[in-house]
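Single-structure report; data block below.
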């Protein structure tokens, strides 16, 4: 039997707290899970710094990737299997793309990518197409198979149905992470009736559509997503930790570029600093490596680096106030000047952070990122865009919500041993209770 | 108001997936949670290598410690509060001891302690009594308070009631970890009706006792514990990872002692190797540090060290067979000799591992570890040891169960490129399908 | 000790699947639960005919009433207890009003009240104030106490805080039924984080308000309510059963008034038919009485009564189509005429049913029913109406949604043994597949 | 297509709180659910009088029957489907037998059957084989099919595999009711990992067996069953209600046989009293009919009947003490004499009730009821009886546990207005606090 068709003698199951069990029958999937590139995802947290706000959020991207795979497996094996518009040959492609869609994520990728101008989707492609164990497994299926999987993940594939399973406004990725992140944080918001949604998904033309009877379950899913964004993903304490993390990386990069002599050479970062990054360098990084450096850097002579690392590791975070950058830019300039005067570097200790989300959107051709809307298959056979049928979705559709906060170290500003008066001025401007 | 009585202006809550919320009202508790020694527990997994078997088990000891605190808080604030035999002054002592009981745990402490002959309980005492942030907070309560907390955790305190809240056959520690580990692994076995048990706990004489009406909930708890031990804690795959981890530490210690030249100096381990360990050295270690070294050691010249590190990091574990060391010691000697012949060092690649548990025990004076049995408060006022009332508990009481397995690297033994015939002999002895 | 202060020697608990345990410490509450008027609620389903759509929905109003009591108990004992604006003397009043708020409900009250022009709130008052066991218990607290409880339930009390605990857009009644009905039906929509909402409730001026930090939990609660209305409470199959039930009651009343001779005298209904209803008559009715009659009426000579009873008891319900009464009144007239021709009485077999809900509303003075909006207590101390802060709530606020359906017996219309052509015309008009 | 093969155009689903969804694809199953005999199960509670102890336990046998069907559907469609030892032609037989296995249950059957010497299994057979809607549906499958279904339920079928799916020590019936009763009562004991058990069930020789790897899930299931029996099914308060119910039926039968003139003729019972029972008479009975009579009998002249009915309907139950009939028969005689003296009929007011259960048993040939033990399929291919492999099961295997209680009306015995001294003597003997 050809490798792509090989089944394990005995089905393997992973006990999963969200989906109860993750079932693996295909030798290809089993082999992919065993690769070192996939195992590396165990060392990268799904929610980055969120564990400093919600202590349960310590789960890894490995966890989530298995979950996405399992959802897709249920869709293709239990729901799409015999549907006329479903091409059974897309089964393995869908499973592999689902399993591997986050493969290129690095540690705390949000901050990391910003500082080093990287893109995890690019690395996902590199890992799939490069000289890796993952590529070796996929190539055994067919020499073209790595490319096909990469195109699905990169959304350049002609196979729109499979793309929409993995990347759309209602895809296996979102359905897994909402439930999984809700489970591990312990919040109730991420719950929705996934089993119902799976049962009403239909491959139709270029997209997975939803039978009209499942509309309310989809509404509930969209509300879950909205709540998770504002209650969990954009939580201001999490963003505080991320602000510090970003500033650590900025500082160390700046120091390196200025020729600062580190007590211990930041060997794992050199390629990043010097723009000579190879895939091998990238794959060596994970959160344990970062935490190792954050701990050794606590003993560095540079006070800013040392202080920021101590803060991050010991969770001594920045405080925040609401801040409107459009209106309060003058105040920001004033604060910045006062920080300088007080001997507190505002580049590192006075930070505006903005979070923004669009809960659902219909199609807006030509916009920055064209979002595929969710379509309903009506009983009549007609196809209707979701927000035209659902009053609730219509009410929030296309409405971007943004939140701005200004972060700063409250403890330093309250320490009146030095620069007492300037600090008082700062506190007044920041509306801190003295 | 004295520090020990200070309440937060606004109660703080942690969202907890197991207990829904962890409530903190005491300034002392809030300050303890903020210390760097307590925050360090975020970087140590509750279940060590179990995440390689149950992917959900990525939760930290920080998580669990908050949970134990919360259970004790509910007992002392909601159940014991007004009971005549409860001394309200023991409240803060109980809360602190519960919160801090695992403070001295190091990374993968089971393996680590075995190799370096350490004891985490010893370090818990050291952290509480030494020059630490935790000690500073406790001393603010009262100069004697650190010692009192340490004595409760060390079970040398005269305050038996508080000891039994934290260390007995039905204590807050066990009640939290059974539920928490069940939650994160996703297995159903760890569930029992804790709310019911809490409601029937009574401070009585030298021990927390259980009202007769709660006996069935306690039976269920003991069965949960039994199942969790054999289904989760002693899972043979987890033990395989632990075997490898132990062998890595053995190897690196051996190499160091032999004067091997490491490409990168194992600075964090020197004090362990040279027996010059200070508390500061100990506290620097966490799982990220270990994982950092496991990754750099993959590139070491020593083949055994490099191979074992690759195995651990990429989850390429040893396989196992059932093994009875009492009967099969000759076979083990034979295997060992064959491994030598095949050029596979049996000290590192042929390992017997044994797990053993006593699900419940009544009092056996003079035994190695005297276990405090669970006592029931009968309606009649009489006190009865649990196994005399419960047929189910009686049936398993005092029955130690032990499991032995023999671990080895299947992949090497199946690789017939070298030493084909010897490996075949080994495989036959191990009853491996060739 | 005065009766109103008496505590049970040992707290009583009811195992409750929604709130885990319902705790009773007050002798007054215990005595109220034991009255025959309160026990009668066991024989009245919380969701009337819904069990014919969601088979799990067999739970009684007894169930729900205990749940409402428990929520109020948690609010007053755990949250409001020491708040400056909370009057501790309102505790027992709140508990009693919560426990008894649904006391006057009869069997399938929605249909029953429509046909006999009754109002369950009126009967709740009657039971509390009349010659009943409940009244005797309340009077022991204080001769005025029954009146005070009745005024809270009737919303005429001057005690607005207590009223808003029980009857407002976010009250203990709604919080219990949403969760309970979700639990028993098995749908996931009714879940929200009640524990969070309870923690942020504050007695403030004339109303219970919500701390700003709890806004998202309240949004989630409002969405839950919206979904429960459209997914469960207004389910078209449930309404079909209710249509039939209503028609049974209409028919039996009509027959009685026409002097029809029943095989078995409908003794329990006589007072309803003749408008001589006493409280005693009312209290004798429950669902078992109704089901008894529905079964004996199956053998009545009147074909309509017999047929409708057979349908209800054996769940042979009417089918439905979407129907717009404003636009399709001519079609309805036409159908009605055709039904007459076909020998099918349209008064009983062609029924328009409308359901309508307002998910949330701000204050509209002078409207039919003035709804107290939900107010947020901002950090700044300001008070803000919910829809001004929440975009999601604003989006659905004040938007009434109505659904109309036309019900008819598909089986009769498909039976072509008689009036074949007329029935075909009807089927065409109703757009039934022949 | 033949009727037995017909599928519904669109799969029907029932929302089920225990199994999430119950899926129906077969026309035969859909038709069976629609019969009036099956719908009748909606009017019979699954747990009889248990709702008077656990208020959530108001669910019907209809509920449970759908659940058993769904479990069998999952086994035969998802697990057994392609197994060599499974005969696909047994699929429909298994589904029908599972769905209908409780069809003959009457209202409060435990008490009812005792008083009238009936057996619900007999009526299940009668309904399947007699002139009923159920029989008509089954006959459409094949004229022999009703008989085949009846034989499976009656355990006389030659098809042992199908019998063991429905009636064995680990069958779909038990797996559903443990989980369902736990869900509705709210106790945690009934939970076990059914999904795991289903996955390891194998049709093997004459019995469904369990793969060795599932042993611990089975242990957990057996413990769940043990706990549910003693915590829920044999709860002394439930038994008190049942004692009263039984005595009501005894009294009314005795009165009828003595020629007592009822105010309202107990028409539904005549056939039971006179031993002229037809299937039609039997099917007319349900709990609403019983409750109707219990309410009208409250107004009967016979004081015992009236009192017992008032007690049952208003939940004014008997109290109880532990009682050992083997040792305390003299005391019972003495009490009985004193009751006579006090004018309290001991036949109705002094009742010994015994409950007894065997948690698990291995095979004991020739015993009253031969129980099929649970067999494990070992990896080696060997078959082992469960208690030989599981220490826990071995510990409780074959150990019958029995509980005896003596029930009496505490309120009458405490009422000292009459027979003061005799009542005092009774209270002393019963060890009641005066």
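All chains are identified by letter, namely A, B, C and D, in their written order; residue positions are counted from 1 within each chain.
One rule holds for everything that comes next: a contact is a pair of C-beta atoms (placed from the backbone, for glycine too) under 8 Å apart; a residue touches a chain by one contact, two chains touch by 3 or more.
Remember, predicted model here, so these are calculated numbers, not experimental data.
Participant: Remove chain B from consideration and name each group of chains that's still held together by touch.
Facilitator: Leaving out chain B yields one piece.
Participant: So which chain is farthest from chain B, going by the mean of the CA atoms in each chain?
Facilitator: So the farthest one, by centre of C-alpha atoms, is C.
Participant: Based only on mean CA positions, could you tell me how far chain A sits from chain B in angstrom?
Facilitator: 32
Participant: Measuring from the mean C-alpha position of chain A to the mean C-alpha position of chain D, what distance in angstrom results?
Facilitator: Spacing between the chain centres: roughly 52 Å.
Participant: Hey, how far is the Cα centre of chain A from the one of chain C, in Å?
Facilitator: Chain A and chain C have C-alpha centres separated by 44 Å.
Participant: Mind pulling the residue numbers of chain A that touch at least two other chains?
Facilitator: Touching at least two other chains: 20, 187.
Participant: Looking at which chains touch, is this a line, ring, star, complete or other?
Facilitator: Complete.
Participant: Note which residues of chain C are touching chain B in the complex, please.
Facilitator: Within the complex, chain C contacts chain B at residues 13, 20-21, 195, 199.
Participant: If you look only at chain B, which of its residues touch chain D in the complex?
Facilitator: 187-189, 191-193, 216, 219-220, 223, 226-227, 230-231, 391-392, 395-396, 399, 401
Participant: Show me the residue ranges of chain D that touch chain C in the complex, using the header's touch definition.
Facilitator: Where chain D meets chain C, its residues are 14-18, 20, 34, 36, 39, 42-43, 51, 54-56, 58-60, 62-63, 66, 183-187, 284, 286-292, 295, 313-316.
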